[in-house]
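Each remark here refers to the structure printed beneath this line.
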Amino acid sequence: MIIAKIKPLEEVQAMIKDFKRILNVGCAGCTAICLAGGQKEVETLNTKLAVSFKEEITSPLIEGFTVERQCEVQFLAELDPMVEDYDALLSMACGAGVQFLAERFPDMKVFPAVNTTFVGINRDIGWYEERCQCCGECVLAITGGICPVTMCAKVLFNGPCGGSQDGHCEVDKNIPCAWVNIYKRLKAQGRLEQILSVFPARDWKNQTQGTFVLEEYQDRYSYKDKEGSQK
Amino acid sequence: MKSGSNLEKILAKSIFAVTGELGPPRGADLDAIREKAKHLKGMVDSVNITDNQTAVVRMASWAASLIAIQECLEPNYQMVCRDRNRIAMQSDILGAYTLGIRNMLCLSGDHQMFGDHPYSKKVFDIDSMQLISMVRKMRDDGRFLNGQEITKPPRMFIGAAANPFGDPHEFRVFRLAKKIAAGADFIQTQCIYNMNRFREFMKQANDMGLTEKIYILAGVTPMKSLGMARYMQKNVPGMDVPEEVIKRIEGVDKKKQASEGIKMCCEQIEEFKEMKGIAGVHLMAIEWEHRVPEIVEQAKLLPRPNPKDLE
Amino acid sequence: MTETTLRPIDVKKIQEMLTLKKSKMKVLLSFCAHCGLCAESCFLYRNHLDPKYVPAYKAINSLGKIYKKKGKVDREQLEEMKELIFKNCVLCGRCYCPLGIDIPSMISLARTICRSQGVFGVFPYAVGEP
Amino acid sequence: MGETHLYYFIRGPLLWIAFLVFVGGIVFRTVQFFKLTRKKDHLIYSPTKNHKERYGKTSDQERKMRFVVSLENSILGQHQAVAILTSFFHVLIFILPIFLLAHNLLLYESWNFSLWSFPESTGDKLTVLFLIVALFFLLRRLLLSKVRALSRTSDYFVWLITVTPFLTGFICYRQWFDYHTTLIIHILSGELMLIAIIFTKLGHMIFFFLARFFIGSEFSLSRGTRTW
């Protein structure tokens, strides 16, 4: 799940202060689950903005509308008939959603209301932890289900480093050392030999924008429209 | 004087400058650099030492720069943002300056996908614009990027690149202005073949008053052959080779294509000498260092001023 | 939150939303053969084997119902639908209709209508938020 | 005789009306479909470029498995009986009336023209098969909870409309009851079915082809050139 965090109110306020009519678009996908951008958060943010704008002479009209997911065209299409009434859109989706919203309405000014933070888990209510950096080449099979790319501050594939002490990271005592945990788990499972040999330098394939099409569907899209290529 | 480098002195004296280019070898090969340097000696005012160009592993730019100094060439130390974070960059700059490097060209760098290690991890900690302002901050404010003081600041003559042919055309000159604002002292442009567009670009730059704030060195690369021209037109990103150039090379006998390329290059240089706002040329004779003397002579750029006379 | 729950249902707004997509939704709703073949394509149905998870059932008993009543629904009815379209469906879009009916778009419209009236799913563990 | 008049009415004008409504319905639904949908956007970039290099290739074994799995996930894999029987049902509902000997005789009588037709006994057997499949669907609707939950009165009614022409045709052929009355019911119900196609869920006859071929989806039968 993508975890996001609402931007400071002042920052959101500064972005939209020059507009008269603003639509705050929520996303009922990931950001709703991490309590950052669902319908409830849209209502809360709108209330907060209304209160903070009250002191100014011309306070803008801020309305809310939550779509199922901002990363799907089908759900964004619901906004088609309404956006014309507004000067600016505020999006409470993750970065992908904000961009897709802006792509859908290229004439609209679109602003993000949340900071997309990481791909992570819900440890408990309101408690999220990063677990994946979307590096594109998963090594969890070898590291016993603990990601060194995310959990190790130095992204070591042959850890732990010399700074590991008492099971925590040298960077921050509140972060467990990924490699100590990897070692413990693999030892307990009796597959320590997996990390006894040198892990060779790996390919970092997610370094250009990723686009992929499932092989079953490649025939559908492995063409470029003639008209399209001329654009 | 900002750095006191040869290039800076020449540019400050409004002498039409010539810079060359030298690509370090793919190996610990001292003689290869010396061989290349031999041809450039006395022909150019400063020579760009490329930093792993097209993302192919080569000898470190600072090391090759030092060898160039030993060969009595003034190096223009290139640094790309692809391979280093700000810590490595600042430390390299300190080291380079300490050992006598005075010019520096700040670039973003080609993406590693073009090179020989396509899936190496990119750094791009800061971009070329930020690198320029970082070097300027180190020189003028005597401070590192984080604001801490430097005991003895490196005084580099800061160069930057500009490509008048990239998209969107109308924005290119604004990007140039940004580089000037960031602190660049001189600009070396991408190889110019489309003279019309370049004239337009220079007119815009002149109109905006940018050329008074910065020295612009026009980039030229002589075409070696028709094949090279075609390759440049199709496969090199950001390169604009008009059809006329191809036709002109195509029009002559295969054996004469190289000399036609040089002739064309010299005609361009003649025009640059007269063009308002151009302070010199940057001659990128790619893997053709031995023809540089010929080109420089044909373009009537000789003799180059002796560094000692500039004092 | 309590403010929205007490707000009366805005029938006019619902009707506006219905009219906007009327022709498409009418076509989809009227051509459903009620064959039940979409059931197995829903992972929730496969897990629970309860007819309330059959995609067509969810669409017909939410959007179909609203259209049947021409938008004149009360909050109770919307709350009833809430379970069907928010809890019993994750809008993964994998429902397979042999006739090519776009079931997710129907459920999505039903959700939109419910949302506009302040009826929406809250993630169960978020109830105890501070 | 009123009955003869009725017979000529339903054989003549009413049949024409039914056919007109049927054809008009197909045209209307097709036009409506194209009005409701729009052309897909053009692809400016090829999304599959450098794909294999970056995301890896699929092995032949995996490709083979994929076929097995997709078959397993299809309706044929999930509900073999339904898939086979529904295919029979839908093929028969088209070919039985068109290639039935009796219908072709009528055609010849009126316009001196006829199509190829089944032998009489084959037509009869296929009708029986059709009726058995129809009964299966009725039982399925009544017995399976997931289908029962979806069923409305209209579903049973439509089932009746669909089955009656075949049932009465079957009875007519046997001449079990009053031939004339069953014949009139037969023709009437057949015409009713044609008319019902545009107005009831039987419209899936048209919609199926439009949606499955023009709208791209996980199971669409083509790339799909249109979108809602």
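When the chains are written out, they are named A, B, C and D in that same order, and each has its own residue count from 1.
In this section, contacts are C-beta pairs under 8 Å (C-beta built on N, C-alpha and C of every residue); 3 or more make two chains touch, one makes a residue touch a chain.
Predicted model, so just to flag it, every value in this text is computed and none were measured.
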Chain pair showing more contacts of the two, A-B and A-D: A-D
Centre-of-Cα separation between subunit B and subunit A, whole angstrom: 39
Whole-Å separation of chain centres (CA-atom averages), subunit A against subunit D: 47
Computed distance of Cα centres, subunit D from subunit B, in Å: 72
Approximate Å spacing (C-alpha centroids) for the pair subunit B, subunit C: 63
Residue numbers of subunit C (touch at least two other chains): 105
Of all residues in subunit A, the ones touching two or more other chains: 74, 205
Per-residue multi-chain contacts in subunit B, two or more chains: none
Chain contact graph, described as a line, ring, star, complete graph or other shape: other
Contact set on subunit C toward subunit D in their complex: 23-24, 27, 30-37, 39-41, 45, 51-52, 54, 56-57, 60, 94, 96, 98-102, 105
Touching residues on subunit A, where the partner in the complex is subunit B: 202-205, 207-208
Subunit D - residues contacting subunit A, complex: 42-48, 51, 54-55, 58, 63, 66, 70, 216, 223-224, 228
List of subunit A residues in touch with subunit D within their complex: 74, 136, 205, 210-213, 215-216, 218-225, 227-229, 231
Of all residues in subunit C, those that touch subunit A in their complex: 1, 4, 20, 91, 93, 104-105, 108-109, 111-112, 115-116, 120, 122-123, 125-126, 128-130
